[in-house]
């Protein structure tokens, strides 16, 4: 694939894309973002880098950090993990308690909020200083000590996070949360508050395009088999109840956040991060999906 | 990939696989099958062919034919199609009316029964002799005039198909079925009754591994973009509420049938059909999934 | 209670009642009714009669006839009846298939459509000429040979009744329908088409106010114990998902129909029928409930 | 009704009743109860009293106190009350979050846990010292200063009450809880912990059999209209998803608790309390329902 060419084409297309949808506004820290922001960064497994727009500006990555939490939990507790959380698409809205109740406290997958809370519970069980150690894990892969939680965002989420509190209490009633609820919620709200730029995200997740090995540092973050499985989970569950639509239109494994960010992986080839704060009705970045659809359609390069 | 080698390894592994689960028995024609049958056939885009066991024996392909029905409907009525059926995983058991009612008669995807009924309704609207023309479409791609419906199976399905009748009536109450209910059901039960062997299936679906072009005849069955989209739908929706598990373990787009068959696609490389009649709790071939998991794990060759 | 006085008060109040809501219009025969019609008839167990407005005009009693169907089935097959249908409020909209699927084809109660279809199935099993014999049963209690089905209404219902067809097929898939689907649906659509006036309705149901004995003829229609149980079922399930609201506001057992009719019973005292075609959002007569609320509030005479 | 005679008959029948079901055991304080306990007390509006068995022994009345909480909230905040909680039967298990989510945080009725939590929230808003003032309200009607919370039970409930915490958090996410969650939960767990005997219960609730006026003290606890409405709500919603069965078999408004107690009202005639700790599958006292069914069947004296 001629990356130079397609990135140039994308640069030309971006200004023509409609910018629909609404910026997430349930906390003031997200609602105050400039809705016209747009960043994109593509990193190839051969370490070619292509950035566009606000690719260097940090934003709240929100649920994208659930992938990193899963990577770490997958390393720490492979066996019990899949007894406590599934790998199936949820089929319902990302915050739904309905399925959680019908399925007795076992979340459908690790990327819906309930599933990420179970992942956090595992991290709390396994790590002495979970907040600090998770941050070091992220910084280590990124090779960047500046990446950090945003305290204001974490506090804001906590003060409005009654639905997450409902879910973790429900799971605890079924025995699927082992630690103190407030400790787990604190980790959860913190990891959602991490701020990174598109460039940092693309480089952070490059190991999933390279069989688990970070091509920049040569570090094996995770085994090839696990890398494939993580991509499979992202493909099936990475976009809430729009996963099928994303696979149909874009055809890459990926994960979105309500901050307007998306990370997507082309195994063997590249990782790409986009950022555009307006969200569609399903809670995913409107322009982010459009530009990724342009990318894979124009180059006929979805994984399918 | 050294196909010779991996097929030889699979041949050695098959006898060691547990053969759990139950043969589908809601109609006598399926229940009477020898539960120990096992067939496998892999065809590469370069037309190398590898068969094992009962690869040449025909069996009831059941829901696998929903893929061919979708291919034909996708060609005939691209625009209206996706207003009438979604591309999202169902999140619930394949026969469920619950979601159909909540979502006002629009099925989640074309591979659950309700979705396939809508696809059949489109074929009835668009074709003068839908049963005959669908069969010719299948035979044409297969290059094989012997492929046929099984009248006994179709009749048996019809006489017990009250849940399908419930679903089509429910959808008609929402205006999402345009034709006479009995005509649509007749087409549906017939296409589920088609009998093919693993060899025939692998060759039939090879165009989905080759950007829509059948490598054997050179015929463009469908455009490259549609071929990718069909694979995406199979990846997300091809295994009922076990789609995530199949992606996690096997990592190939595919489709199963309650006759114990599975077709899977490795885009750019090969198609593979397996047949083993015992089904797991989710209604998919128990040994079929196991041998495909062995294939992609052993060769680290899932699409992810 | 001074019936004379309260009926006079009601006559004064009726013109002041708001007439909100919509006339049922899913079949032309119902949609064509004059929305301003209003009838009321109260019959005491001592055979005092008080009529107001259009009390003598026949209208489509619709679901009210489900009570008579249950009375007959209760006599014919007491034992099996309550294995096949429950006595609990549905908690969801009257046409819902959701609960029917979760509860494996056993309807919540005999007054939702699904439950009435099971009752009809019992009548078809037990009676040689179910349509004729049911009509004779109704006529016998009414002492009126003119009461009849309306063929046009029955045909109209049949041609649009896809949701009922969905439900009966779903129940048959669970084994809870024993007879041919079309035969049962034919009985069902016919009994919903019966036409009666408020006067005829009040007199028809008077036996439920008198421990099962029709005070006019002295005929024991049903035992005292069964009479109480039928009133209990009407109290809990007679107004779809507005049963609680009706108990709270009116406090009498009763049953409504989408034709705008309501029958209500004050055990030991009287039966009352009202008719006003506009329906509230729950499908019950808007003014009908208002005037009954006036009656029991003004006289502090609910059963509670 | 000859109370002397029927109570004598009941005394003879009790030893012959099967004692099925299980004692509630989710907290040790309930699980430790002698499963063979049986008490019954009937008080007529004319202040005749009939006790049997352990009628004088106090037990944990649990959800029965939700009726008293509703009585108090109904007095304090009639208007807003019914915007925040419905009067419809739940149709699902008493702890379900499903309906709560579908209906955006508005509980079906004040007797399911979620509804009682809203009632407690109202008490916290309206009362300066809600725990103390609620207790005084109960003691005042009972004319008995000894009635009290059981601290051990309240603490035990609190330490295992994750499902209640899930529900109140979910409702708060919809804006239907106005006060601090822990304060509301504390009141809720305390009022469920009240201990009373059958005699005390029957006398406490006698005002609901007498149009809101306590016949013993002459005190008007609540207006006649409200008294009828409270009875209606008990009839429709007092026994979780067994309300219909209770109306069918017993035919009295009432309320049960997981401690094995039941209070039932015959408006105009009597109140009756029974206690037998083994619960049926729906969470209601097994023998309690049986003896009440005997009472109303034997005397043909249900309210219907």
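First chain written, first letter: the chains are A, B, C and D, and each begins at residue 1.
To be clear about the criterion, a residue touches a chain if its C-beta (ideal position, glycine included) is under 8 Å from a C-beta of that chain, and two chains touch if they have at least 3 such contacts.
Nothing here was measured: the structure is a model prediction, and the numbers come from that model.
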{"item": "For chain C, the least number of touch steps when starting out from chain A", "value": "2"}
{"item": "Where chain C and chain D overlap in contact partners, by chain label", "value": "none"}
{"item": "Which of B-C and A-B has more C-beta contact pairs", "value": "A-B"}
{"item": "Between chain B and chain D, centroid-to-centroid distance (C-alpha), Å", "value": "55"}
{"item": "Cα-centroid distance, chain B relative to chain C, in whole angstrom", "value": "48"}
{"item": "Chain centre separation in whole Å, for chain B relative to chain A (CA means)", "value": "32"}
{"item": "Numbers and ranges of chain A residues touching at least 2 other chains", "value": "none"}
{"item": "Contact graph of the chains (line, ring, star, complete, other)", "value": "ring"}
{"item": "Contact footprint of chain A on chain D as seen in their complex", "value": "96-98, 101-102, 162-163, 165-167, 169-170, 172-173"}
{"item": "Chain D-facing residues of chain C, complex", "value": "86-92, 99, 108-109, 211, 224-225, 227-229, 231-233, 235-237, 241-245, 247-248, 251, 253, 267, 297, 300, 302-304"}
